[in-house]
Amino acid sequence: MNISEIRSQFPILSQKVHGKPLVFLDSAASAQKPDVVIDSMANMMRSEYANIHRGLHWMSERATEAYEVARSRVASFLGAASREEIVFTRNSTEAINLVAYTYGSLLKPGQVVLISEMEHHANLVPWQMLRDRTGIELRVTPITDDGDLDLDAYGQHLSDGKVALVAITHMSNVLGTITPAERLVAMAHDAGAKILLDGSQAVVHRKTDVQKLGADFYTFTGHKLYGPTGIGVLWARRELLDAMPPFMGGGDMISSVTFEKSVWAPVPAKFEAGTPAIVEAVGLGTAIDWVESIGYEAIGAHEAALTAHALRVLPDVPGLSIVGAPRERGGVISFTMEDVHPHDIATLLDRNGIAVRAGHHCAEPLMHRLGLTATARASFGIYTTEDEIDVLAETLKRIRQFFV
Amino acid sequence: MNISEIRSQFPILSQKVHGKPLVFLDSAASAQKPDVVIDSMANMMRSEYANIHRGLHWMSERATEAYEVARSRVASFLGAASREEIVFTRNSTEAINLVAYTYGSLLKPGQVVLISEMEHHANLVPWQMLRDRTGIELRVTPITDDGDLDLDAYGQHLSDGKVALVAITHMSNVLGTITPAERLVAMAHDAGAKILLDGSQAVVHRKTDVQKLGADFYTFTGHKLYGPTGIGVLWARRELLDAMPPFMGGGDMISSVTFEKSVWAPVPAKFEAGTPAIVEAVGLGTAIDWVESIGYEAIGAHEAALTAHALRVLPDVPGLSIVGAPRERGGVISFTMEDVHPHDIATLLDRNGIAVRAGHHCAEPLMHRLGLTATARASFGIYTTEDEIDVLAETLKRIRQFFV
Amino acid sequence: MDGTSCYDTLILARSRKPEFAGIVENATATAQGNNPMCGDRVKLSLRATDKGVAGIRHETRGCAICQASADLMAEAVTGQSVAAALELGRQFTDMLETPSAMDSAVERGNLPAGLLAFQPLRTHRSRLRCATLPWTALGEALA
Amino acid sequence: MDGTSCYDTLILARSRKPEFAGIVENATATAQGNNPMCGDRVKLSLRATDKGVAGIRHETRGCAICQASADLMAEAVTGQSVAAALELGRQFTDMLETPSAMDSAVERGNLPAGLLAFQPLRTHRSRLRCATLPWTALGEALA
């Protein structure tokens, strides 16, 4: 993997911020987009655009083809059994809400949805809303102090056979924890539960094969995978999608409509009401091609090296604590600094050209569990270098000096 | 208005299709995008991209600013009382579903939602689904044979005081009918009902001022307004948005979260869960700038001239009937031809470079009302010329000869 | 005029004047195919015996291609065993939808001229369904 | 180090060693300000008399800017009439949020040095809320 060649595909990375070379360590919030993705979207709009599905003309056929090829790309990317199992959504959040509204409506009061203490709000609030609408029970399985799922507790939560659906992240956006998805799936299935994995962070860092994982639902979001905003993915087993009622009503999701009654279209159309994010789906397809052309082996090795390096140099910063020590982690590191608030860290890093995130990272209950209100978080992408991590560490030392 | 200058901003229009110069008469399905829109999206991704709202770094602040400026652009475009009344959605379809799920959940069984016979499925199916979920009544107000709303019947439908919400299109995508929105609003309000106007087609053709109209909800979709896919708009009065429960749960739509309970963020954030279509919102802002730089006066005059021309030359085609004769219409004309099915028309037009739509146009119940199963439809945009309409008419004559 | 290759003379003729329109007497099975995207509808009635399809008629509302396809299908399967009729449907669909399978189906020479007339439709994906809709209905009627 | 202009010496000092931390005795009003985006929280307790703000204390969990703002606000409003305290808040907010209003507020010279210290924050929009949060809470306490 040739990092400088890769970086050259991201002109944004050579900007200066406040007069300093940009050090972008906020990829877990949203990744930058390589030129090929931007170009594929611009090209489609400039020379191949039309609405899809409904047109009998050639331009519409061509756009439909491009959109459906993107669906096939996602299907092979996830190892789905068929392209019909891929539903395009706006983002992960919509994908999870879709499941909560539709699969959720099939659950009975008293049945349980089981989430974990380290969920992003996207995989928590939809289930709370479902609970408040329908009277299901929402259970929360704990994590260990290291930031791993507590598998014993997980087993216990499953043991009364009331859990209908487990919804757990495949990788924490705060702790970097990669959860033992195959175990989680097997245990859920043994207890008669279905399982949704929130892959928003995980797919960025490693090869995902939903059939190997054995999962029932899987979600991810385009903008974190070097793709466009406005596009996300829900994968689910065909028989589940078939059984679920639709989410939104409108054009293209129906097979026939009278004022009295509508008949739904087959999946995935049933879940894609209205004009979809056509150009964005095509951009996502390009992003997946780009990621796979680099290859997860190279990506994984690079990010593991970066993470190891960061875990080596950051603790040298006086007063700095790394949050969590999970068994397996992706390129996401949260930290705090004694006597310096994460927001002040982030502001001063920013003034020195370094972009990190600070706050609760849309995981307030996790913060609460950790006894924190906020952390600073550095996260790495394909284009991140060890030098950038060194700049981070050095700047953190100076920040510490300034404040204490 | 200099048409050839305008056309030069749409390179796609100078393509050849099947060896013939493209004649694109399918803008009502989705409009082409001018270079400025494409460039603004590409530029943002190439040099100004970051996730919004949650970042404390400069790039995120800049992206947030761009996203929120787009919201302000939409607010002034619609004449909204404040920018907080603008909710970004994927498209019109999602905007209407959002209202059906949230405002709809406040309706009581027995209360009525009143739609019309000429609604797009997007403004019909969500209300059917609401009816089937909650036991409201769905009423349908008829149109005249000319394709206008029957205002007497509308008044009767409103007269029992049970109608809580009227949901009617501001312009029909099949008949081109511009509905008398101010009358509809006044009559709805007199009957104690709120009113949603589906502006998906209307905003493309004329200046909209939601406050002047007096409406309660207004929706439109970016891709028909020369903007990107993946972005749409719901406008609603602030007090309605405040009273509505949220639609989807997730990041950015909450004010605080514990496992027990979430507190919603103020509007519009309450309705924008997860990472929004940031780049697409910015592109929509650019599209609005572009449309307003041409001006609705010029656009209206151009489209009126095109429509008058088409209504003059098309009836010369043997066997051709124009569907509907509404009092006021935008640049959308549906037609049928004796003994030639609309699909065969569309196919042969396509083979001669002319893109029209054929089918039920996502308005099956309207087709039923008209005693048709399908029509062919030509629709005009800013870039359409009279010559193109002449090519259409000539080619239709040859198609007629071929088939009959 | 240009682009009329999808409309073979046979297709035009049968769409104007179908030979198998109507309802078969003593039907043993009926089925209906709908294409909600365009409103096309094919109603089939057929009389099957031990030997196969003894008689078949269609009532079709749709475009020229759908009309002709229903009619030429009826002609092609009349007198065929159920297995042979279904196999014809498979080959017809392959011819249209699977570029590679097409050649072999055509080469195998099993398809009667009436069905081969639809070949040019291959490049017009949004119209394929018009031609295959009657066959979907047939599959149901024979199921 | 670079970029420390937001952190005036006074701000740093008060964030490290607040002078108005705690709970006021015989409080007549309390209020709480939350910034859910970052978890900052300011709890105010104040004692108001006919004359105005007789005493005010804060318990602040948050960044240096929020800490210092709460403390310097307490200092600025102590002894002020309710109207004057609210007006200070308005001018402080204007100074930060409204570029045009800012200059006049500063020029009018009503703002004490402790509040002027936050001026450099203007260019750091995502941090404005850290400085204005205590004033939001004050508005509630005085409402």
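Letters A, B, C and D name the chains as they come in the text, with residue numbers starting at 1 for each one.
The rule we apply is simple: a contact is a pair of C-beta atoms (placed from the backbone, for glycine too) under 8 Å apart; a residue touches a chain by one contact, two chains touch by 3 or more.
Model, not experiment: these values are computed from the prediction.
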{"item": "Chain separated most widely from chain B, comparing mean CA positions", "value": "D"}
{"item": "Pair joined by more contacting C-beta pairs (B-D or A-D)", "value": "A-D"}
{"item": "Whole-Å gap separating chain A and chain B, where each centre is the average of the chain's CA atoms", "value": "31"}
{"item": "Intercentroid distance (Cα basis), chain D paired with chain B, Å", "value": "46"}
{"item": "Centroid distance [mean C-alpha coordinates] between chain D and chain C, Å", "value": "79"}
{"item": "Mean-CA-position distance for chain D and chain A (Å)", "value": "38"}
{"item": "Sites on chain C at which at least two other chains make contact", "value": "36-37, 124, 127"}
{"item": "Per-residue overlap in chain A, given as positions that touch at least 2 other chains", "value": "18, 54-56, 60, 254, 256, 343, 347, 350, 358-359, 364"}
{"item": "In the complex, chain A residues that touch chain C", "value": "53-56, 60-61, 64-65, 254-256, 263, 265"}
{"item": "In the complex with chain A, residue positions of chain D that touch it", "value": "1-4, 6-7, 12, 36-41, 61-65, 124, 127, 130"}
{"item": "Residue ranges of chain C touching chain A (in the complex, touch as defined)", "value": "34, 36-37, 124-127"}
{"item": "Chain B residues touching chain A - in the complex, by the definition given at the top", "value": "11-12, 15, 17-18, 22, 24, 26, 29-30, 32-33, 35, 37-39, 41-42, 45-51, 54-60, 90-94, 96-97, 100, 120-122, 124-129, 138, 140, 221, 223, 228-231, 246-254, 256-259, 261-262, 273-280, 343, 346-347, 349-350, 354-359, 361-362, 364-365, 368"}
{"item": "Complex interface listing, chain A residues touching chain D", "value": "18, 20, 340-344, 347-348, 350-352, 358-360, 364, 367, 373-374, 395, 398-399, 401-403"}
